[in-house]
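What follows is a pair of complexes built around chain A, which joins chain B in one and chain C in the other.
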Partner chain A sequence: MHTQTDTPLPTKLPNIKASSKNRRIQDTLIKGLLLAIALLSASFIILIAVFVTTRGIIPFITDNNQLGRVDVVGFLTGRVWLGGATFISTAYGAGYLIVNTLYVVFLSLLVSFPVGVLTALFIAKIAPAALSHAMRTIVELLASIPSIVYGLVAAGVFLPWIHSLARAMGTQSSGGNSTFAVVIVLAMMSLPTITAVSEVAIRSVDKNLEHASLALGASPTQTHFKVVLAAAKSGIFAGAILAVGRALGEATAVSLVAGSSRSGPNLGLFDITATITSTMLEGMKETSGIDYDIRFSLGVLLMAVILITNFLLNFIKRKVGKIHV
Partner chain B sequence: MYKKRNMLDGLAKGFTYLGALTATFFLGIILYFIMANGLGRFNLALLTSDYHAQYFNGRPLRFEACETCERPDDLSDDILYAPQYGLGLSDTRDRGGNTVIQVTYMHPDSPLHNLVNTNNLNQPVTIAIDTVITRISYTDHPTSLTRRGAASMISDLESGATIYEVSFSTVGGGIRGSLITTLILIGLTLAMVMPLGIATAIYLCELAPINRVTSTLRSLIETLTGVPSIIYGLLGISVFVPLTIRLNLTRGPSLIAGAMTLTVILLPVVIRTTEEALKTIPKDYRLASLALGANTTQTVGKVVLPNAIPGIMTAVFLAIGRIIGESAALIFVLGTAVKDQVRIQENSTSLAVHIWSMMTDEPANIELSSTIALLILIVVLILNIGVKLTVHQLKRKTG
Partner chain C sequence: MKKGIILLVLMLLALAAYGCSTTSDDETFDGNINIYTRDTSSGTRDGFMRGIGFPEASGNDAVLASGFATQNNLGIMNAMTVDEYGIGYVSLASVNDTIKALFFEGVEPTEENVINDSYGLKRPFVFMTRAEDDWASEEIKQIADAFVAFLESLDGSDVIADQGAVPLPSSYRWNDVAADHPICAQDNSALTLRFGGSDSITRIAEALSDAFSPRCGNVVTVNDHTGSSDAFKRTQGDEKDGVNAKEIGYSSRPFRNEELETDPETRGQLAWDAIVAIVHKDNPVNSLTAAQLRDIYAGDITRWSELLED
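What follows is the complex of A and B.
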């Protein structure tokens, strides 16, 4: 150190030190910036929870410009949307909407689940290579079609069919707008989700299980149905849960074929119906007042229904997943 | 014994074929319906013309018949022609499916080129090819109306009566406004979501420590994927619309608020796709860069990101597809009124919302809706191919 004055260091060396320090600062700055952006990205879900919930609660805790408070119990169990003699009312009953929503999603799953799983098995195990590839492309295409197009096709194709079917069976239908139409459109939309997830689950089944089954004398088809499907059931169930979550939240396609029923529950296949989401899209012309704010309450209700259904289905999945066939 | 088993096996196999057939039937019916109803009207004029027709009432400047306007020899037999006015008319259907009388030929010397607006005689108006004629009234003859058809209108014109007033309109039913809105939404949304998404993905994948905070961040972002799009619409009207009004950018639902809402919808998609691309880059690349003396910023900026470009392109394609298809959220944040003059501070409709808006009208316009749906399907198909190509490229690049 004492000789530093005699032999000065090359002028470049301090620069390197400085630049390495600069680069450390640069790293810290960039890291801080990226962390801030990541925090922003993660904050949106909290924004949704806070803002939608607060506005959804307003109709229940304020007197809504002298119209009166909306009764929470009445809202959750009511069988008539806006009952009472006049339009100046806060008698919003969404109980039948909850029943309708769960009902149409359940019925649609009765169609899409078997069709989806069978298609997945077909693609993964049974079809010849070329056919399997073609089928996978078809499922991918179905998955990429936007929901509004499903709604349009359902309104253009299925409504007239359902209308004439109802007439042939001696009942009435409001131009085909019915539970049946909603079930078909939801089944079509859930199909690619169930198929894609089930296919992955079926493919990831341990080959040794299959070989063991075959060695015990089971035919390939018996193996596919009794061993592969049973082993993949957890994954298949996960696909169904995903599909149910999406079907519960589907809005525009459903609103085009539901028929906006104002009271319920609507359990008849050819009767008009209404779901939580289709009611949220009703009368988008008004932009203020309780008739507008009540959409937020329906939004909170929708989130609650989705969360509870998801939780229950996952609970069942864990129970079922433990049982070995 | 085996006979029975083979039969049951055949039956079980048959069921899987039936399942696959049902899925194919679903796709077939969608494609068939959209093509059958939309293909006939699908042309460039549709993409470039206005949705709302403009109506005019015009009066001829001079009242004498045209003497040089003889029927051209090459004029198609379908066109009914009135030589006195040099006007060729046809019965056609407009984009809404209504029967209308449309101008299909105009002689260059036709006196109907020079009309004046009945309400403002100083303002010239002109009838051009494709104009829809709704009414011609005469000073000395009963008025000709659309519902009597082109043949009746031609014979009225040929009777030598003097035209008092012609009511006509542009065709309308075009989707230029919605198309431009969709393109602007794509541009604005990508400009916001790509930087946010890529930065978040880089943080989570390259820099974040493995601890509780990081996993909480991850699960918060992951939760966004399960939120239905209609709830994003509520987020838009309760947060982004008031925010843009507060910032004096807008006065209500707008394209800006729409793009902000779409940004939140797409964030999880962009983050996940980018993260997956980052994960495929071998660790050796990073170590080599760091060993050569580069700092983390340089390594990420100059080594990791360039190698992740195919994955980022996948994210862009997926994002565009989702923006084009999104309807429920945009109905809230963008409004449902179809506009011809698009401004980013005002409301408008994207192509998907345009379909919804027409389908909830009475009567529903299925034909124009199918035409828009066809356009959407074509774009989605191209994007799908784009995704496949970039994924292929990514696989080839990283082995």
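What follows is the complex of A and C.
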């Protein structure tokens, strides 16, 4: 790096003074530009939220071309998606979708969290440098695979397996379309997020903590599990929150393997299911009127569910993060 | 630790192997019927439900048996290769040998049986033109006449078959009759022919328009498909002189009521869309009646054994 400490300053001073005003203007300009860009990207969120909400409340506040209003309470607690004929009935219910969505996301986290964290621990602490580098590249690649590809692989490869598995366990599945399939797909998709974020968290744990643990006679395994993971748990939890966000919002892959149940809640592992997103996606291109607008209502519901879940998880994270070892 | 992992892997492998080796047995073929359906916006669903005498299920999920799975065309095909207890339905054009196509009322689903009208699970694709004396200009009328002649030619049939429907039999090629339509020898690129009606027929209609235009002086074609009811409304009904007026309207159901009071010369059929109930290849059931299919989809028959008794 080049330093100026040895060069004689006086000869350069006038230059700096002359340009200092220009620089200040430059700084102000850049600051303004960055602010504008930040505002622009923030305004997209507002634009989306406003658009989805204005569309989404139409079924609840208008009479939907003489069909009558959709009952908000019925919508939030309903156990049947539509209790009547499409375009004629307004008896929409999404309560079971909320339960299904949270259920599959929770189960997928149950799979992806331990696998992701242990993978991260391996990459960060145990694997030799070359392997660690290769593994990290693989995880990054996994994160960049589009969801439709995950969905197609799951529909083509996993569904027959899951169907056979269900038969082996003495139950009958609908061609493998099931909660189980959705959980596997979501776990696969959230795995790279958890791994990548956890790895960074594990790497940033103070080396002195580790050395102290080893010096006190703990084995490397004891150190990794009881010291490193414990110290990194706040970061690991942040990874889990991101993964939950991704899993909650995933539509394409889920709708390919869910089977789209129209009533619920669907808690059986080998029963067909439906989530908020998969129901939104389905028929979107071919429907109209209230059946179209109600999908925006689901969008509002989804945003609310994501916000509340994130808020709760962040609250838990603060609680968990405060406990030190 | 190591032993435990090896044991776990072995157990998983054994489970997977067991899962793969189990095959269904005709002797004891009995399971809950897994119902697969398209969603309520699908034209195939409408055709199927009406065909089996269950029209209220066309747009209403609530009357179907509980626990049905909703899938698209590909999803239903895939499911039938996996789910030995499943039943679904697809267009005849989608049927291949990875699944088993069921006879309907004892009649095999083949193109031949669709055309000779013995296979009953189907819906007609029909069209209607404007009335004899109600055209914007004589030229437009002549072009529309030429289009109908093209539609009914072997060339038109090829286009229809390419899109998965079963065209009505034809005996002539377009080139044989092109001379009868001198209007097509002119440059028609300033004239517009407007098509509308059924949206489940959109792909076929657009393919026909695209194939017809270069054969008839590059006439401009506009396809605007909104629903079968608009076929009559926008050619000879209320909206025939409105902004959405059409020269030719398509419908994916037979014309009915007031629509049949029009001049029969202005109506015709271009194709059949045959729908086939499909099951897994291991399923011993070969044929179902409309009433049985209705009972399955309504939830009155829930086990395959009930269908195998007779």
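One rule holds in what follows: the second predicted complex is superposed on the first by the 277 of 325 C-alpha atoms of A that agree within 3 Å, B and C clash if a C-alpha of one lies under 4 Å from a C-alpha of the other, contacts with A are read in each partner's own complex, and residues count from 1 in each chain.
As a working rule, a residue touches a chain if its C-beta (ideal position, glycine included) is under 8 Å from a C-beta of that chain, and two chains touch if they have at least 3 such contacts.
Every value quoted in this text rests on a predicted model; they were computed, and no experiment measured them.
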Q. Overlaying on chain A: chain B and chain C, fit or clash?
A. clash
Q: Please indicate which partner A:R203 is in contact with in the superposed arrangement: first for chain B, second for chain C, both, or neither.
A: neither
Q: Could you say whether A:L34 touches chain B, chain C, both of them, or neither, answering first, second, both or neither?
A: first
Q: Could you say whether A:G259 touches chain B, chain C, both of them, or neither, answering first, second, both or neither?
A: second
Q) Which partner does A:F296 reach: the first (chain B), the second (chain C), both, or neither? A) first
Q. Thinking of the overlay built on chain A, is A:F51 touched by chain B (first), by chain C (second), by both, or by neither?
A. first
Q: Name the chain, either chain B or chain C, that contacts more residues of chain A.
A: B
Q: Kindly classify A:R79 by the partners it touches after superposition: chain B alone (first), chain C alone (second), both, or neither?
A: neither
Q.
In the overlaid three-chain picture, which partner chain does A:A155 touch, first (chain B) or second (chain C), both, or neither?
A. both
Q) Which parts of chain A are touched by chain B and by chain C alike? A) 155-156, 256, 287
Q | chain A partner contacts - residues on chain B that touch it in the complex | A | 5-6, 8-9, 12-13, 15-20, 22-24, 26-27, 29-30, 33-34, 37, 195-197, 199-200, 202-204, 207-208, 216-217, 220-221, 223-224, 226-232, 234-235, 238-239, 252, 264, 267, 271, 295-298, 321, 324-328, 331-332, 336, 352, 355-356, 359-360, 364, 366, 369-370, 373, 376-377, 380-381, 383-384
**Q.** Sites on chain A touched by chain C in the complex
**A.** 80-89, 155-156, 159-161, 163-165, 167-168, 172-177, 256, 259-263, 271-272, 282-283, 286-287, 291
Q. For chain C, which residues are in contact with chain A within the complex?
A. 15-16, 18-20, 22, 31-32, 34, 36, 39-42, 56, 59-62, 64, 66-71, 75, 78-83, 85-86
Q) Can you list the residues on chain A that touch chain B in the complex? A) 23-24, 26-27, 30-31, 33-35, 37-48, 51-52, 55, 114-119, 121-123, 126-127, 135, 138-142, 144-153, 155-157, 188, 191-192, 195, 219-222, 224-225, 245-246, 248-252, 255-256, 277, 280-281, 284, 287, 295-296, 299, 302-303, 306, 310
